[in-house]
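Chain nomenclature is as follows: A, B, C and D, assigned in order of appearance, with residue numbering initiated at 1 for each chain independently.
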Amino acid sequence: MTQERVEYVMRTITDQCIENERYFSDLDSVAGDGDFGYSLARGFENVRDQWDGFDRADAGTFLQKVAVTMSGRIGGTSGPIWGTAVLRAAGVVKGKHDVSGDDVVAMLRAAVEGIKARGGADLGDKTLIDALVPMTDAIERELAAGSSPADVARAAATAARTAADATKELQARRGRAAYTGERSIGSVDPGATAVAVLAEKIAEGW
Amino acid sequence: MTQERVEYVMRTITDQCIENERYFSDLDSVAGDGDFGYSLARGFENVRDQWDGFDRADAGTFLQKVAVTMSGRIGGTSGPIWGTAVLRAAGVVKGKHDVSGDDVVAMLRAAVEGIKARGGADLGDKTLIDALVPMTDAIERELAAGSSPADVARAAATAARTAADATKELQARRGRAAYTGERSIGSVDPGATAVAVLAEKIAEGW
Amino acid sequence: MKKFVNDPRNFVPEMLTGIALANPDTLTYVPDYNLIMRADAPRQDKVSIIQGSGSGHEPAHVMVVGKGMLDGACPGDVFAAPPMEYVLETAKLLRSDKGVLLLVNNYTGDKMAFEMAQELAEAEGMNVKTLFINDDVAVQDSTWTVGRRGVAGNFFVMKAVGAAAEEGAELDEIVRIGEKVNSVTRTMGIALTPCTPPAKGSPLFELGDDEMEVGVGIHGEPGRRRAKLVSADEIVDELLGAVVPDLPYESGDEVALMINGLGGTPISELYILYGIAHRKLEEKGIKVWRSYVGEYCTSLDMAGASLTLVKMDDEIARLLEAPAEIAIRVF
Amino acid sequence: MKKFVNDPRNFVPEMLTGIALANPDTLTYVPDYNLIMRADAPRQDKVSIIQGSGSGHEPAHVMVVGKGMLDGACPGDVFAAPPMEYVLETAKLLRSDKGVLLLVNNYTGDKMAFEMAQELAEAEGMNVKTLFINDDVAVQDSTWTVGRRGVAGNFFVMKAVGAAAEEGAELDEIVRIGEKVNSVTRTMGIALTPCTPPAKGSPLFELGDDEMEVGVGIHGEPGRRRAKLVSADEIVDELLGAVVPDLPYESGDEVALMINGLGGTPISELYILYGIAHRKLEEKGIKVWRSYVGEYCTSLDMAGASLTLVKMDDEIARLLEAPAEIAIRVF
């Protein structure tokens, strides 16, 4: 995919995180502290405001600028987590203008590793990792099967949504929701759900 | 009437002020600060607790002890107002064991004068004076007409109630409710209503 | 009712017990008269300063007893003036050769109780003066009420007379100072929610989700009007619009600026109001001499705030800056 | 939402502006990093003490910047850890030859931001240490969470390290002191109502009219259990029952006792709780060394309170008694 595609993906994430401020915060009110949407929205508003001025030398540089712009303003857990994720993804495509399907998988794997390293969470701890990993697996599968980019995107969205919904059954083991213990069971994880929303929007506009 | 009757009247007032705590406070919440019932109840609980020990040398002494016991515990406006009223009434029957109808009228007039002197209120200012004065007038009228004590008590109750209800139309000019200006119109005065409740109970048990 | 309370009837005594236990070296509690007094009072070389008023306005007044402030406070029940007996007995316990000053927030019940107590204390040969505080501009003067109410501005009167008394000033001089501070102090409050008296157990009045009460009294008395809740900027305009022209405070004046919380409003919001008010005053050419932000005179758990201005001069500045030590402290 | 606020997004900057305007001689405001710092900081002859954490806990931490306490506080938005950039830039602005201490309440977001900032500051050659505060007994230790939360007990850590830094102690010594105070400090809180974050505009959780949340977190995190609202006596039993056995505090111990208001509870009720707790501790043979009653670490407008005990020794006593001057003051 082209660098424009990368920009399209990042732009969709940016717009959606601003648009879903209230929804994401409401999700975080159930077992968290209700600021997830607010934090993301403030960070991505910063990205939107500086959008035209980002260095677009290559896809990696572009994503790195986005990461720094965003995480300078996102507080809470999401600042370091999302900042680290985008930074690591940026590192994979440093110097590249064209991003292959394999690159996308590698970027997502790098992002997940970054998140794990930063916050100590793993699969099953009821965080956004639980949506990111199945989504990445789905992309890898579809690419191997030779699906069209649009089909890959659709499969990614479906996998993310299914996985996000499944976080309902999990007990939170990281972040603020972990303090609630068993009371966190029964509601979806805000971070995982945000991943699903973003994946769906990206697939829709592909 | 005998000194026992005086005790009966005082006892009814005492019990009713305790029993109607919430009702009287609710009345005071409309345009006042909601503590009227609380203040009276605390004061009269004190009277009830010390009831058996009061000096009963004569009606005046008895009432004076009640006044001191009560007003030592009633705060707010009602402490000085009710304390002064009972003290003044006590003065009228100092040394007496039998209390005539004329004495009753004189006691009530003295009480009203005491209240006026203490708080600067007059008829029409939307205070308990607006129930006490018509009630006293009715007693005087019935006595002049030679009615039976029970009939006098009934007439007093009716007059107090009618007058208390009529305070609804008045604008408060004294006490906390006066701060509300025209907004005090439309609700009855708690003090006047308390007088009506007490007069009715006294008549009932005569 | 969402309160930490045992029997609501014991609300005031249990609170006073807590204050006394929290300050064993400096305060004495006399349960019979709801009295919190300085452990070292009365001192015959200084005028004793006494406040009464109802409870529910804490820290006013029981928590501002201490060096450089009050010698004693004998509150009534929540929102009820103290019984006359409390005031009289407190005056007797704090009797000093230099005299006793009774500070009274101007309400019917308080006025009657304090005036009765003063009469009786004088009859016993005591030298007692009464000083009325009436800083609330929400209530217009009127021959029908006892006049304007005393609200959060009473802090400045207490601080000034407390400092003067600590310096050994004579009673008449202290009265002069108190009257002067009162005469240059104006306050206006606003409620966002009602308060809930513990004995009543339910809110004292009702206020719609999008309403505020402009000019509310510290006992939940209705104010000038009920209005739609507006932004912090507009609220400050409303408060300054009532307070500034009343004295008036004018360009070139120096003022103490107090943003007082009414009990349920967090201090973060009080500082938002403070910042706006400070800027708007300076725009009018009125210089803020010192800030007072926090809870000084509350109305139980009412969400709301009041704004007070004191026009400064050198004498008042010196007295407000004098050291004082009271129960309310951070450290 | 019953709040004094303009645009909720500007809640924190407007509050910080107010604090700075209210304390022009002692505090400096650096809007880019939500930073409130001492006007005289950094001083090269003392370690700089920095706190971060989310906003909404005022007076913690922006209002406790000052002599003998913090050199700077760089809060995030309401209930959100500050962005790493704020912490890093604050550490740089407060860089001192004697080093910089970062105080962190133990939450995932704060931990990550401060650890990232520390790494980067060290990479720039700075001498930086991080100290975690985790006094909340409501949360059981667990390998799954970052462990216990930091709540109102952080006041004692700040006070002690602030005093030590003011005396010129070295960074390692200050860390030792902070860790010691933290290790003998335990807190448990209880909520009677939820709080309403300004940007959300509605209560963070729901609590029935007759319910309380036992062990609530200062961001409205659910506690140990939800229970029927009980009397003040029973609530104190519950809080002491959680706190006392945890260290444990034992007969013969001397403790500092803090009753901290969570924002919406009036100080009258805090003193009721204080009185009960004081008596119950003395019944257990635990002596109260000093009282701390008021708002220290709040959760916006939440009605509720927390109880903190600190086991005293001579060193801690000396540091807690050392003079300090901060924005939060009465006079």
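The rule is short, and it goes like this: contacts are C-beta pairs under 8 Å (C-beta built on N, C-alpha and C of every residue); 3 or more make two chains touch, one makes a residue touch a chain.
Just so it is clear, the model here is predicted, and its values are computed rather than measured.
Number of steps on the shortest path from chain A to chain D, with steps defined by chain touch: 1.
When chain centres are defined as mean Cα coordinates, B lies farthest from chain D. Chain centres here are Cα averages; for chain C and chain D they lie 29 Å apart.
Rounded to whole angstrom units, the spacing between the C-alpha centres of chain B and chain D is 54.
Chain geometry summary: the mean Cα position of chain B and that of chain C are 32 Å apart. Viewed as a contact network, the protein chains form an open path, each link joining two chains that touch.
Which chains touch which is summed up as A-D, B-C, C-D. Looking at the complex, you find that chain A touches chain D at residues 25, 29, 31-35, 38-39, 42, 71-81, 83, 118-120, 125, 173-176, 178-180, 183.
Contacts from chain C toward chain B in the complex involve residues 9, 54, 76-86, 107-109, 112-113, 116, 139, 142, 144-146, 149, 197, 199-200, 204-205, 217, 219-222. The part of chain D that touches chain C in the complex is made up of residues 2-6, 11, 14-23, 55-56, 58-59, 63-64, 159, 192-193, 209, 229, 231-233, 235, 263-276, 278-279, 288, 291, 293-296, 298, 300-301, 303, 305, 320-321, 324, 326, 328-331.
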